[in-house]
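Note that the chains take the letters A, B and C in the order they are written out, and that residue 1 is the start of every chain.
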């Protein structure tokens, strides 16, 4: 059961129960960044440390390879950029306003 | 709510009937531990505190002796006890704990989590004064402080009622219309440690009465997974609280239904309150807990002297039976509301404030078109005074309660409060406002 | 018996005043009476003066206050008499039962009851009986026997029957304690002297 926005008290599950499994994806938490990580595919050595350390699930991986950052959930903590090996330096933190409009 | 019906004596029960009902004598705590054993919850997590200690001790022996299959969780504090039963209840278990005084205080934040999460936990609360100064004896400041925590509160006069209330509490809490936790309150030492008569049910009768708990949603149901206790901000929190208010209102219907089913089984009837010799009374006391029994004794004595005294014993404080209260007291001339707790509002104790509020706006306050008073309170609502008594276990005996009735009858005869009513055991009254009178019964000036 | 009998027990922590009050209530309940048995909890330490109460009636009891005017006062330890207050509130026609080797008349004097002819004074050397039957100077069970005799609460055989049943529950697997306590009750019942 998905709770409709603006639902009244008679419609919603009691006591704050969430009845829909895995609905956390519907809550996009990536809108409070000051900095954002930018992934440079050409420098990436595919060690996956960023994926391991990301406290959310914002590093996108496909077929065992990093493919980018999911900005819907990335909060800009910078852990991925810190953990990215110096020799690669594939993740770079930039100010949100430098990022342009592509999101 | 039956006039002049004393629960527990089940008028004119024949000898065979009595044998079947198994009259015995147990301390209040023994009776409650027995009820818990007979209910046999899935999980009990509890931490011992005087005067509740016996319950934990007895129940732990039931577990150790293999008399129940209950999972007994020994915890390091009451905060943990309540947290453990919250977890157990959310997981789908029938869960119980028990506490007193400072233990209840330590549970505070989790009480709200239990009720807000709509978990049907049952908890005996053996009433004891809160520190400081430290005191192990009875008053109601512990449970009264938790009156707004969203728990149903059943109050018991004696061991019989504590036993009966624990069993009924399970069904009240788990009713799908309610799904709220329930406290079963009874007086520390006065009831918990006194050996008193009661009739008990067989294990099978209790099991059949409470039935099997089948929660519609639980954490341990992998086919229908749920999340419990999520973040709930201004978008939905208010709606969830509105639901809670509705559940508490529904408890007003469910509590009498459960009582009726229990009466069919036991012959002992319970309502939201008990009106004793109220129908033609001029003056009455409103009281909850063990002092109600002492007040009943006094009412009988005054009646023999021809004085129109009555008693209203409150059994359910949450939900508060406001309309029944107005109905029962509206026709009286003077009422003393007895609080075994000073709410420190400087304007009277918690029971007083709610009872008097229930009487406000009664029919009859406003005159009809011809200028005559009308309705349930033709002479206007009764005078209501507050009597704070018994703090920290201060004994209240028949003479004390008689002094309260004397005060009421003097007021009925037109005597104005003078501030020195404390000639006897009633102290000089506090006069927080021109129409409010608060006495301290049995305190030394 | 009167409609309501109120009993106050005086003892010292460790002498079993509370246990006796509860056991007497249980026994009376088994025998069909309505009962209350409750202690007054003060400082809980060995040797401190303690109080316990009974109410026994042939009607349900709703009073939940302390007993202020007992018709029976039981004194487990005669050294408490020095404190003077043991007979406070004793009703006319009531009785005091004291654990002492003294004679009833001597005890009446010590209690200051010489001018209260309507009050009975009963004595029994419960400590000696306890030593001889149970092996320890715990006077509470023999004093129950004395109280039952003085109050006429119930027949000795009936009382012994229910007390034995309760002792068997409490001291399961300790037959010497059960026997000793039962004998103590019976001896005190027979040996109590009333002036």
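List of remarks:
The definition used in the following text is that contacts are C-beta pairs under 8 Å (C-beta built on N, C-alpha and C of every residue); 3 or more make two chains touch, one makes a residue touch a chain.
Remember, it's a predicted structure, so these values are computed and weren't measured experimentally.
Without chain B, the rest of the assembly breaks into the touching groups A | C.
The most distant chain from chain B is A, comparing centres defined as mean Cα coordinates. Between chain B and chain C, the centres computed from C-alpha atoms are 35 Å apart. With centres set at the average Cα position, the gap from chain A to chain C is 78 Å. Chain A and chain B have Cα centroids lying 52 Å from one another.
Interface residues of chain B, counted against chain A in their complex, comprise 116-119, 179, 217, 224-230, 232, 235-236, 239-240, 242-244, 246-247. Within the complex, the chain B residues that touch chain C are 6, 8-9, 23-25, 27, 136-137, 157-158, 187, 189-191, 193-197, 290-291, 293-294, 296-297, 395-398, 400. Within the complex, the chain C residues that touch chain B are 21-22, 25-26, 29-30, 34-39, 41, 60-66, 68.
On chain A, the positions that touch chain B within their shared complex are 3, 5, 7-9, 12-19, 21.
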